[in-house]
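One chain, chain A, links the two complexes that follow: it is found with chain B in the first and with chain C in the second.
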Partner chain A sequence: MKVYINGLGSVSCQEGTRNFKSADLTKVSQGLNQATQPSYKDLIPAGMLRRMAKGVKMGIYASHSALEEANITVPDAVITGTGLGCLIDSEKFLCAMLENNESYLTPTSFIQSTHNTVGGQIALQLQCMGYNFTYVHQNTSFESALLDALLQVQAGELDNALIGGVDEIGDMTMHFLQLAKKINTTDEVFTKGVNYGEGATFMVLENRLTAQSYAEVVDTDISNRIDSVPDYIKTFLARQSLTPNQIEVLVVGSNQTANDGTYYSEAQNICSNSVVETFKEFSGEYHTASAFGLLNACEMLKYQQLFSTGESKSIEYILVYNQFDGKDHSLTLLKKC
Partner chain B sequence: MQERIVITGMGIISAIGNTVEENYNALLSGQSGVGELTLFESIHRETIKVGQVKKTTEQLIAELELSSDNNYTRTALLGAYAAKEAIANAGIRDINDRKTGLISSTSVGGMDYTEKYFFEYETTEASRKYIDAQGAGDSTDKIADYIGLKGFVTTISTACSSAANAVMMGARLLKAGKLDRVIVGGTDALSKFTVNGFNTLMILTDGYNTPFDQNRKGLNLGEAAAYLVLECEDIAIADGRTILGVVSGYANANDAYHQTASSENGEGAYLAMQKALKMANLSSNQVDYVNAHGTATPNNDLSEGRAMQRIFTDQMPLFSSTKPYTGHTLAAAGAIEAVYSLLAIQHGVVFPNKNFVTPMEELSIRPQTTLVHKEINTVLSNSFGFGGNCSTVIFSKF
Partner chain C sequence: MEDLKIELKGKIIEVLNLEDITIEDIQDNDPLFGDGLGLDSIDALELIVLMDKDYGIKLSDPKEGRSIFQSVETMATYIAANRTK
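== the complex of A and B ==
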């Protein structure tokens, strides 16, 4: 069965939930970049909003946006990915525990620290009793969710699924990662330092082609480590009887730092007919940032227009390739529908 | 008929033993692993009891022959230890000779080290190697590296149903032909973070957990890791594997009732069991044994008990919770209990629900309290977690 992306929504460092054109976006700054928070008050009662984790709010907003566009009230499944979950609450509980010698603790931040809080809260809000999974595998957290949903819709087990990636900046953790020279500071750029972001990107996968459909999700794959980029891409495309030169647009998760290694340039070399598009200069790096790249890819296919230049282009296939520092490689193939 | 998904290997380390055999012997002799917390300092040491693995972190590092500059957290160490046994048990010599995946699960990840070094990162450079080890996925990465696996690797975290969900995703990937075999399971080390978190929820007992007892007072936390090797039947046969059982059904549903509490009638649990039975093409009276989630919290056992009564009506099969042996091992629980379910099938035995004295007023069903030897063809195993996450996996005799 064919699987389509029929709704998109995001909360990111940018304004707006979708329909991004690079010319209208602001590049992230050196260091840490908070997501632009939309107004939640129409969506979430004020009493709940106060206690709700940032990741949950962003997830509810982005998923609402995607579901609304796909014209679905309650999805058959909610499948999320997150690198570190609701990190702010994890830090809050941890600090309180360490500072007060395990005394005077309250459960709220502990509860929200559980990795599947966003997925659970979305189900609770929607009263969705279907399948509910959360993947927490670093830079392939989102792609794991995508693959799970894709297989179930392909197999006819689900008609549709809400999938998403969400991560939030936790001040202390990010500060430690700056000490470890993995995230840049406002003063210093490290060899392997990235500019960090946060956000939530949700999508509706469905077995129907509709007027809203952005793209067909043909296939996706993840691998913890690979021996050769050309072989990885060729083998993946061969499953669909395609070759790299049939890819018109290659979206890569480049940070333009040493973490890129030669992976993306090797991908670019083998996909020799591709225009190369990047997105992390607008989303920042985070464990589920690749979902933002996939969102851009969906829009490029639907509007047949390049994200970077706004130029019209006839696009049949887009390949999205992400990895981080040689680990957690993922490929997603989208087709025009 | 669709190809069956079979289990060809298993490995486990828990409070009642460091191998499958040790776990089985403890279950037979009724020996519990729940006792004093000695793994770290805590103000709760005098008031709670936990299921600790009987190996120190240093012993685990030495036995896994890791270099001294490793940054494995205890969660990763336990996982690598159990995964190694599972692979050896299956008789796999080269992990990459077939397209193999790893799906692990954890709730605590590297929090046991984060909480130790949190205030040291600023001043002590040597501790910074653990900064990146906090993420849940890091433990899975370490396990993959330890067993030399290259390919599909991911991590699931849906609180206390995580490992059951890893079994499901593994089976799904095999059915879709994405993999030839997959190692699935979970690992969770004890941490001060989880001890205090569960303490704030007021669901820790000050004694020994008593599942399905009228006077149950809560759970004991435990630490453990367990993994199963799943393969497609034809590949397992072609490779000459010993087949330990079949994954015949599974389902996940959401209770959509409360972030941490289960609904009164156990709707999510009911749906998970119902859908899993449907997939297995079994009627409820064909189940020989239910390995219940049975955490011994007032809320879980009532909700699960009601859901079981709804599913099995007046033909409740033998059921027990094995948490009095191991404590509640959180994300690993579904894998621990998968191993116990397979042992029940293999040896034709139902493990008793220890510590049960007084039947619950609200329920007409009673857990099995003595060891029973009988033929077991089908075991239904439940795992439920925060976020309304309800999972059921059904194992059958090959």
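== the complex of A and C ==
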């Protein structure tokens, strides 16, 4: 059974939430880049809003946009991916433990410190009693959610699924990562440092083609470590009887730092006919940033237009390749509807 | 007592993250739960922790909490009479 992406939603470092054209976007230029927060008041009751962490609010907003676009009120499943979960409340809870000598622990930050809070709150808002799962697999967290939904819709277990990736910046954790020279600071750009971001990107996978459909999700694959990028890509595409030469656009999760290694250049070499598109200079790096890249790929396919230049191009296949520091490789193949 | 009530209102706003509500918006006798501020059971737990942490008052009887948490006025009266901090 074919699986289509029929709705998209995003909250990111950018002002807008959709229809991204690189010329209209601002490149992230600092070590830490907060997501631009939309107004949540029309969407979430004030009583609930005051207790929600940023990641939860971003997730609810992005999922609402995706569902609205797909014209689905309650999905069959809510499947999320997150690298670090609700980090702000986790930090708040741990700080309270330290400050109060493990006494006086309040419930709100504890309840919200679990990784599945976003998926749970989305389901509560929607009164969705279906399958609800959260994957916490570092830089393949989102792809794990995608793979789960893809397999279940392909198998006929679900008609549709709301999937997404969400991560938020927590000051304490980011400070530690800056001390470890993994995230750039305002004063220093480290050899392996990245400009960090945050955000939520959600999409609706469905077994039916609609006028709203963005792309067909043909296949996805996750591998923690690989021996050879060319072999990884060739083997993956061979599952669909394709070769790298048939990929018109290659979307890579490059940070343009030493973390990239030679992985992305090897991917570009093997997909020699492809136009290469990048996205992390607009989203920042975070564990589920690849969902932002997939969103861009969907829009490129639907509108048959390149993200970087806005130039029209006939695109049949897009391959999205992401990895971080030589680990957590993922490939997702999209096809024009 | 008036100072305590103002202090209490500020702490309630801060601890419960009552966005868009100021100290002036909370009247001394406004119900905290239900029709008033609309607090719920999780908020009640937060208030119990606040009483213990900031005023040294441990509430162990839930029935007792019901009357204490009726309003800022009842909370302040109870705190003034029982505080150890």
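We adopt the following convention: the second predicted complex is superposed on the first by the 337 of 337 C-alpha atoms of A that agree within 3 Å, B and C clash if a C-alpha of one lies under 4 Å from a C-alpha of the other, contacts with A are read in each partner's own complex, and residues count from 1 in each chain.
Note that in this section contacts are C-beta pairs under 8 Å (C-beta built on N, C-alpha and C of every residue); 3 or more make two chains touch, one makes a residue touch a chain.
Nothing here was measured: the structure is a model prediction, and the numbers come from that model.
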Contacts of A:321 with chain B and chain C, given as first, second, both or neither: neither
Touching partner for A:173 - first (chain B), second (chain C), both, neither: first
First, second, both or neither for A:117, with chain B first and chain C second: first
Chain B versus chain C as contact partner of A:49, first or second or both or neither: second
Comparing the two partners chain B and chain C, which touches a greater set of residues in chain A: B
Touching partner for A:100 - first (chain B), second (chain C), both, neither: second
Contacts of A:155 with chain B and chain C, given as first, second, both or neither: first
Chain B/chain C common contact set on chain A: 103, 105-107, 111
Contact footprint of chain B on chain A as seen in their complex: 78, 83-85, 90, 93-95, 97-98, 101-103, 105-107, 110-111, 113-117, 119-121, 123-124, 126-138, 140-141, 144, 148, 151-152, 154-155, 172-173, 176-177, 179-180, 182, 221-227, 287, 327-328
Chain C contact footprint on chain A (complex, rising order): 46-47, 49-51, 100, 103-108, 111
Residue numbers on chain C that touch chain A, as the complex places them: 15-20, 38, 40, 42, 45-46, 49, 52-53
Chain A contact footprint on chain B (complex, rising order): 42-44, 106-107, 109, 111, 114-115, 118-119, 121-122, 128, 131-132, 134-138, 140-141, 144, 149-159, 165, 169, 172-173, 175-176, 178, 192-193, 196-197, 199-201, 252-260, 267-268, 271, 385-389
